[in-house]
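Chains: A, B, C and D, in written order; residue numbering restarts at 1 for each.
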Amino acid sequence: MSDPKIEGYVFKPGFKGMAQDTGSDQTMFKGVHWGKAMMWIFLLSDTFIFSCFLISYMKGRGSTLVEWPNPSEVFALDAFGVPVPLLLIAIMTFVLITSSGTMALAVKYGYEKNRKMCGWLILATAIGGLTFVGMQAFEWSKLIHEGVRPWENPFGAKQFGSFFFMITGFHGTHVSIGVIFLFIYAYKTFAGHYDERKRGWFTTMKGDYVEIEILGLYWHFVDLVWVFIFAFFYLW
Amino acid sequence: MHPGIIFFLVIFGSVLFHIFTPWYWTDVASNWGGMDDTITLTFWVGGGVFVAVCLFMVYCVFKFSYKEDRKAEYKPEDKKLEKILTWATTLGVIALLAPGLVIWNQFVTVPKNALQIDVMAWQWGWQYRLPGEDGKLGTTQITNINDNNPFGINLDDPYGKDDVLIQSDVINLENNQPVKILLRSVDVLHNWYVPQFRAKMDAVPGIVTYYWFEPNKTGKYEVLCAEYCGVGHYGMRGGVIVQDNQDYENWMQKQETFSDLVAKQEALEAEKTKLAKK
Amino acid sequence: MEETKKQEQTTTHKIGIYLWIWGLLFVLSFFSYMVDWYQFQGLLRWSLILLFMFLKAGLIMAFFMHLFWERYALVNVLLWPMTAIACFIFLMVSEFKYTVFTRLFYFVVGGA
Amino acid sequence: MSEDFKDNKTIQAQSSETISGGGSGVSPDIDHVRPAEVEEQDLYHGHSFITKWIFCQDAKVIGVQYFLLATFTGIIGLILSWLMRLQLGFPGAASFMTAEHYYQFVTMHGMIMVVYFLTALFLGGFGNYLIPLMVGARDMVFPYLNMVSFWMFFIAVGVLLASFFVPGGPTGAGWTLYPPQTILEGTPGSGMGILLMCLSLILFVAGFTMGGLNYLITVLQARTRGMTLMRMPLTVWGIFTATVLAMLAFPALLVGALMMSLDKILGTSFFMPTILKAGEVLEYGGGSPILFQHLFWFFGHPEVYIVALPAFGIISDLISVHSRKNIFGYRMMVWAIVGIGGLSFFVWAHHMYVSGMNPWFGFFFATTTLIIAVPTAMKVYNWILTLWRGNIRMNTVMLWCLGFIVTFVNGGITGIFLGNVTVDVPLSDTYFVIAHFHMVMGIAPLMVIMGAVYHWFPLVAGRFLDEKLGKWHFWATFLGAYSIYFPMHYLGFIGVPRRYFEMYDSPYVASATGMNEFISLAAFLVGAAQFILIFNIIKTLKTGKPAGSNPWKACSLEWLTPTVPPEHGNWGDRLPVVHRWAYDYSVPGAKEDFITQTTPPSEVVNTGVEKT
């Protein structure tokens, strides 16, 4: 994406450009749609939420004297009779990254106004997200079956279950909300709302393919959070 | 009346209040006179700035009250003045901070000869434990606490056997003997605070916190709980009696150790079983 | 709202870059899975986990979320607040170490 | 729905003409302002009573709604403070006052005043009303979201007040809600009360996030032509920075409230270590109470500045307008606001010096905290230097400003006591702390709110508030509040601890009995004085002196709307074009003693105006 063209405004690159944009009138993020700017700021706020969760988890895990369960064993899955560590988690990661890729392509085709391609890719993303949520539900039920509860677990420190259900639950909620919106946006794309610049249901804004990018930002963020959860919760 | 006069009177009254106030610190009874000094320093610097700023404001209000024919000065920026003020403030702040940090360093560094005292808090009361002859406190667990073991001392810890138990909310301290207060709570947050000693620290369930001081005035002091701990917070008082060496030793002789307590309880048990057999 | 003029000028990226990043993400995920598979321990495990994590996060943010192509005004607004988080993490590390120290010392080990 | 947008078509057609050309007929080069980057905003114009006044998408109406609801909860907080002072000054005077009730009143008073009154009023109330007007936007960028934000706040307040009527009553854990006592027996309202409190906070945060996104994006992306960030009035800077803080600080509160609810409902042990209660060991174990304190204050300290920064911004504008002088050192003021905001994320544990955290943190947090004192002091200097050589109108607004300076400097200086770690040890958890934070973030922001009400009422209602009543209101509030909190510091010096239901049995506290009675009487007076304002507003809404446009002769945009009060869409057919900062007062050589932001340079060529 090269710089947008704005009448009477010559873009400077890098930090000079930053000073120039910040000092200019009307907008600070040149050519950035209001909704996109909003999504970025929202994601920044959401980052702080997840950071607080993960910091609490670090503090909680670090300060308990009871042994922390070994995630590699707890999350192992029997494949053909052999326990494979983190098998399900690996597949979930794979699915989420796949859906992130399709989303990135959907954004690209959206900007090219390729309605069909964009719609199908969003639908694929939604299905990927749904699969992820389904597998997470499976993982939860497996752990609950094994006796892990938010308030206790048979493997060691109480906090293991608490943090696991809370953090993956909060992340799963984000994924689920994303899936709902993906389906809605897939419908809107196929119905051509973005080509006709049809107004949204709750907003006075005209429809635009930039909305796909906004949703894409949210979806990639969900993926991004999973990267951190994967590293800190399953691998640590 | 011109509003400036009232503002002036408010400032003037504040200064008078400070000079004539009957409400002020209790006399310090520990080594933390340094804290009082930092407060005094901050008070004079801060109070000076407060009075100066407010008097300047009052001056402006008198001098530059609205007049139809006056035009205010137009001067968007005065870099030089701003620079001077910034540096002056920075220096003032450093002057206040530095002694504070020095004393904090003393506060967190406990002298080697300090007597350790385990202060155990619950809703809503206190009790104390002193090390015995070995000079060391035994480890504890909340889950061990029961009628026979009111402090929850780990039975397999050899250091715990001779610990002196004081099941009272009043404790005696030896004058001029530094003490390290080890705070422990079995339920919620508490804070063992004697205003005359200046220092305080929360007792947090799940960990042990500490602070130290050296009492240097004999007498009786009241202990207050200084961290909100539920409806009984305001009634959670205790006491400290600071004594000279001889009195303290006498008092110490009368206290019971953990093994005394265990022996007494065992004797009691044996008595009971004997009676039951009869 | 958004100027319509902008639409035509927005050049999209070649599909190749997305596929590349996509592939890299799979490879990096595979590597971080291998860290667990081979049961690396200690500092090595830590640094590998963090390395792959930051690489993945960086790729997603830079390319999928287009941050690499955004102007610095936006990028800086998003990244500077992370210093507060970094400070929080740093202090909480020393806090949990202190907590676990007092717990071990006064409840388990003793002898002081 | 489509016909609702018809009005916009004409607006768009007209305003697109203004995109080229600088406005005036001559259009010399010096007046040139870059054309608009973004299209005109579509607005949803309500036609029915419900869409115009209740579920309204106009930021100005939402601002007034926020203001009224926040004031309503504030009055509840005020009544609670009366009840507390009744107990402290005259123990036993009210038969219903048990320790449980006292602690519930303390808690609800604190939470209501900090979050539901001050935060909502400054950001929701003043933010909504003033931001679009001051940056020259037609409305907030996402009007629908803005409306939902208010109604979320409404529900949050509803849930909060509902906790008064559940079994066990509202939580009495202190506004800091420290676990473990918050959710254990022995604390009033440890059942439904605390759950409703957490739920209400979560709703508030969710609602606030919607509003906050609006404020931020409106300031960043929807300014009018010529309005650079460095030409914005300081009010907008203050509210903007406070909103940034809120967006980044509320997450910590949300996480803390969520985890505490889980500890209560599910019996998780996030904040709960092994606990012995009434002879029984509870099911909890291994958690860390200090973690909650860190989360709470990671939110809580920025929260202080969420309240203070809008106050700083607003007071700067009021002082400047009514001294007929530009704000002294505008750039310094902006950087001070931004710097204070940024630093506020690195100082949180100065609330925890005696909490039992890692003692070495004391060094770090004392240093960062005292660094904040420097930009804060600069702001104070700049306020009084603005008065200096000004032409000060001694009206009610200016009185509130002067009252603010006195109380803020007082409270700021006691902040240096409490921020400096060693000085804090004897004073923390005593009445000194109460006196400090009421002075600095209770009374001082209240002075600003009142000043702002007297200042902007002519814009909102088109009429002046009564000056005479205003002066009575000011003197009763200022003198009363000062005599509550100034002597209270000395109670702290004695060592009287906070949150004591009664304390007269302690020997060294006995001397304070008289002072406590005096403070209580002053508190009753100050509380009652606030009803003068309500009476004043009701009286002047119908009979007040009509204000006309720009009655204070101010430079900033909000006074330059074509109609007073401004209509939906704010600017009629044409958006304003900005040529200068908001502070060109008393420019030598100018016809009048102010040059508005929209005055093109070609009209003031022969004056001594500086380029801004």
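What we mean here is this: contacts are C-beta pairs under 8 Å (C-beta built on N, C-alpha and C of every residue); 3 or more make two chains touch, one makes a residue touch a chain.
All values reported here derive from a predicted model rather than from experimental measurement.
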Minimum number of chain-to-chain contact steps, subunit A to subunit B: 2
Distance from subunit C to subunit A - Cα centre to Cα centre, in angstrom: 13
Here the gap between subunit B and subunit D, centre to centre from mean Cα coordinates and rounded to Å, is 33
Give, as an integer number of Å, the spacing between the C-alpha centres of subunit C and subunit B. 42
Subunit D residues touching 2+ other chains are 37-38, 41-42, 248, 286-288, 290-291, 294, 298, 360
For subunit B, which residues are shared contacts with two or more other chains? 206-207, 209
Show the residues in subunit C shared as contacts by 2 or more other chains, in ascending order. 1-3, 81, 88, 92, 95-97, 99, 103, 107-108
State which pairs of chains touch, listing all of them. A-C, A-D, B-C, B-D, C-D
Touching subunit C in the complex: which residues of subunit D? 37-39, 41-42, 248, 288, 290-291, 294, 298, 345-346, 349, 357-358, 360-361, 364
Within the complex, which stretch of subunit D touches subunit B? 99-100, 103, 172-174, 178, 180-181, 184, 186-188, 273-277, 281, 286-290, 323-326, 328-332, 354-356, 359-360, 362-363, 366-367, 370-371, 373-374, 377-378, 380-381, 384-385, 387-394, 399, 402, 405-406, 409-410, 413-414, 416-417, 420-423, 425-430, 475, 479, 482, 486-487, 490-491, 493-495, 497-503, 506-508, 511-512, 515, 583, 585-588, 593, 608, 610, 612
Show which residues of subunit A lie in contact with subunit C when the two form their complex. 1-6, 11, 14-15, 17-18, 21-22, 28-34, 37, 40, 44, 47-48, 51-52, 55, 58-59, 61-65, 72, 85-86, 90, 93-94, 97, 100-101, 103-105, 108, 111-112, 205-206, 208, 210, 213, 216-217, 220-221, 223-224, 227-228, 230-231, 234-236
Touching residues on subunit C, where the partner in the complex is subunit A: 1-3, 5-7, 9-13, 15, 18-19, 21-22, 25-26, 29, 32-33, 35-37, 39, 45, 49-50, 52-53, 56-57, 60-61, 63-66, 69-74, 76-78, 81-82, 85, 88-89, 92-93, 95-97, 99-100, 103-104, 107-108
Which subunit C residues qualify as touching subunit D in the complex? 1-4, 81, 84, 87-88, 91-92, 94-99
